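Take a look at this one; I'll ask things after.
Letters A, B, C and D name the chains as they come in the text, with residue numbers starting at 1 for each one.
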Amino acid sequence: MCRWLGYIGDPIRPEELLYQPERSLIEQSKSHAPDVAIANGDGYGLGWYGTADGPGLFRSASPAWGDHNLRELSAQIRSPLFLAHVRAATGTPVQQSNCHPFRYGHWMFVHNGMIDAFPRVRRDLLMQVDPELFPAVEGSTDSELMFYLALTFGLAEDPVGGLERMAGCIEAAGRRIGSDHPLQMTVGVTDGARLVAARYASDTEANTLHVSSSVRDLRLLYPENERFQHFSDEARVIVSEPLVDLPGMWREVPAGTALVVQDGEELEVPFVPRAA
Amino acid sequence: MCRWLGYIGDPIRPEELLYQPERSLIEQSKSHAPDVAIANGDGYGLGWYGTADGPGLFRSASPAWGDHNLRELSAQIRSPLFLAHVRAATGTPVQQSNCHPFRYGHWMFVHNGMIDAFPRVRRDLLMQVDPELFPAVEGSTDSELMFYLALTFGLAEDPVGGLERMAGCIEAAGRRIGSDHPLQMTVGVTDGARLVAARYASDTEANTLHVSSSVRDLRLLYPENERFQHFSDEARVIVSEPLVDLPGMWREVPAGTALVVQDGEELEVPFVPRAA
Amino acid sequence: MCRWLGYIGDPIRPEELLYQPERSLIEQSKSHAPDVAIANGDGYGLGWYGTADGPGLFRSASPAWGDHNLRELSAQIRSPLFLAHVRAATGTPVQQSNCHPFRYGHWMFVHNGMIDAFPRVRRDLLMQVDPELFPAVEGSTDSELMFYLALTFGLAEDPVGGLERMAGCIEAAGRRIGSDHPLQMTVGVTDGARLVAARYASDTEANTLHVSSSVRDLRLLYPENERFQHFSDEARVIVSEPLVDLPGMWREVPAGTALVVQDGEELEVPFVPRAA
Amino acid sequence: MCRWLGYIGDPIRPEELLYQPERSLIEQSKSHAPDVAIANGDGYGLGWYGTADGPGLFRSASPAWGDHNLRELSAQIRSPLFLAHVRAATGTPVQQSNCHPFRYGHWMFVHNGMIDAFPRVRRDLLMQVDPELFPAVEGSTDSELMFYLALTFGLAEDPVGGLERMAGCIEAAGRRIGSDHPLQMTVGVTDGARLVAARYASDTEANTLHVSSSVRDLRLLYPENERFQHFSDEARVIVSEPLVDLPGMWREVPAGTALVVQDGEELEVPFVPRAA
């Protein structure tokens, strides 16, 4: 089970979310999930939009908790939109090309979850990736494949629709081999302008996903908390698990929904897998 | 908190202890200790005596649980005496030169524990290493330094005495800077003929250490257990934590004692730090 | 341009070929080829048959020249048949899963060369891998794909034929996209009983491949050379480039031929790509 | 033999020097020096001053030529002062803590060269490091030790003087063990405001060091060259070896001299080792 977070708002230093909170992403990665006794030590990644044309990508197969370079980078760069991920591998090799985020053009993608019986459906799914996109598939994870399927099914024009068609395609492939829970996912995807997230599982038990409350509301709730003074009104954080335990700070994203955050607006829509 | 194990007996494949038991060393490394929520993901090492002159050493800074090479090596080699270790770093860099076992000539050494306030006593202790041995100090850990202090104080001629003088030296240095619990250690050390272990802490709370019962006794206790048929009578395993939960299989090494296992004989003696 | 070697004969320690000769494989990897100014610093691998069931495999993405573990392993193990490889990547990521040898069951495979315009033919070729074998494809190299195509085309029953059909398949795919030099290869492949090598290029300029002369002949040529006393009569070394500069020691394998070495016998046959 | 470069001027993206020139630092690292057949594949580092308090540091033990993260970072960040280094190890382990630049507070340091017979003088020199600074010594290289000796001898107050006393200290230690060429160095050191370089060798053969000519002069010499339009008047690059082959672009720093570049001013002074 991986963990990830996405931030959108005025530029901040990623360390403010990766390292500083009580339950920062790095802190979470050190220890087991409440019900799974493993650490997220199989690599990490940070993708951020900055001053260059296109996002920067920093990934490593080393455990995030001990990595000096990640700490340095997180403290030095400032970004208005970034995705960070810590990995717990589910069968595919631990290597940089299998770390999230995955990037294609201006798009980046992170995932927590898995495709059931992946070795048995991988060939089928790989063949459904647009041949024009196929050369860009670099690693061997189910996550990366989901990204390229979504791109194949129009992610760039219609992010939620592209993700829904990707989910439908995977569930169809899973049914063909007899799986009754083909897909488990929370995903984060962005093009540098909007941050999109979705939470879905073929069965009812979906991995968690949370979004931060409006900063204006948080300033009213916690007037003494300096951090909330510092963040911009439109800032939003989407996370697998809350970074701090403050009542009213986090709202759970319901299973079977997608979120689109852009220019301070937050839109929640149903997420329903559909035929490709 | 690190974990380690040592084996002495007829040649076996290390995988029998590193991977196969229910609570194998690798399995232990994936999750937290009963009371410490971290994994041992900061590197590992395997040192083994085989057919060559002098032991072989295989160390890596990667988490042991995902490392293919360790699994391969463990399955291919056969050794009558080996030490294995998984690391949780206590402040010094995660790098191969800081992984245990450490080796000098025919000697190898592993350690679980720490030197209190190490940055403040490191210089003092480094200077007490025999200048002839000093060039061999390769890394920056307290553990490696303990090894070279023990070598300085006659480990090669009198292993337990050398370790006791090392402990005394460290406690003296700790007292000089005002520490009241300078040293916490279980150590394993070997020259390829005998396996020596010691368990000691300046205060009362020492990290755990266990030794396996006589294989003859285990065959009587568990006549249906194939594994005990397979091991030789003289085989002994010394571990931080038991590899399986079988009543009567493990005996705790008392704090303040050392064990010397050689040629099927097991000798337990007091371990008392002494002046160098 | 990668480099590789294969050994078959009485058991020896791999270090005798990887480290000891004047132009050992490791020594070759440090510097550029006579006409290409790059080192082989993109990973290495050693696959060896020993006492276990099936070969052991040790691969790392680090440069071979500085790797302590490879040196240790090479000095400790003894093997009657092994393949070693140092990599210079040709576009695909530097990661353990892209290092040679590749292994499937009892078979191992190394390659020097490349598939022309690989990103453009990769999908086509991947689809021709037997769906039963497909889940075993772990990395993203042209080399690994060649191995699985050869397995698909009967490598296990007829090694040279399987390799010829693989070459034919690749050349056909290359022609489909307009390449006029689709394939460049020297390959080494083994099942633990025989060592097979082939040298072929679609155009005339094939990477080099050499085989050692009979040890009996070498003992006559160089009666004072201790090393030749040490090797068994049937010992053979197949290498990209000679390990030492001794007249009469190496015979170049002609382009368009394959070698099969087994039980002291050496068979040279034409290598002609054929339809799959 | 390592290679390094330092830049000072208006903010630029490091990729403009690390990757873009014909003989960029990364390009140089791939192949051997004119007279030494090794690559700089034993790690690299980039230290840069940016928007945060204190410099950022990014180091890795992997070969620079294949590292995606370095490429990404070099393209995303903008910095008015940075040091970059590619390493060819001279005996100490290849690990992140042994990569340059080394950092202490606001200071950073890179080195090309070596301390002769380092294992024999290391203890002596380590003991001369100020005990207050000693805990900051993280690795095992001669280079890092030179940095901490220079800091001990007043680098922060008088950079050139501190370096000269460091050189004098090392030469004295070398003479004590009978070395007749104790020190070989080009060094780059900075505090974020000025860039200091020095070129010195105990014997006459010093590693090369070059500084770029005034940008104003380059614009006159090469009016059609877009790159020179882009750099600010005060920009300076100090390099081990020229990044491009343009007559008039580089001036060799004479052996036995130091350069101090700050606020567009360039000061050249003698560099003479002196007693500490």
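Note that in this section a residue touches a chain if its C-beta (ideal position, glycine included) is under 8 Å from a C-beta of that chain, and two chains touch if they have at least 3 such contacts.
In this text, all values refer to a predicted model and were calculated from it rather than measured experimentally.
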Any chain in contact with chain A as well as chain D: B, C
Classification of the chain C:chain D interface as same or different, half of numbers criterion: same
Distance between chain centroids, defined by C-alpha means - chain B, chain D (Å): 41
Chain A, residues touching no fewer than two other chains: 61, 96
Residues of chain B touching chain C in the complex: 13, 48, 50-52, 56-60, 68-69, 72-73, 75-78, 96
Footprint of chain D on chain C - complex, ascending: 30-32, 37-39, 41-42, 61-63, 65-66, 89, 94
Touching residues (chain side chain B, partner chain D) in the complex: 61, 93, 95-97, 119-120, 122-123, 126-127, 131, 134-135, 138-140
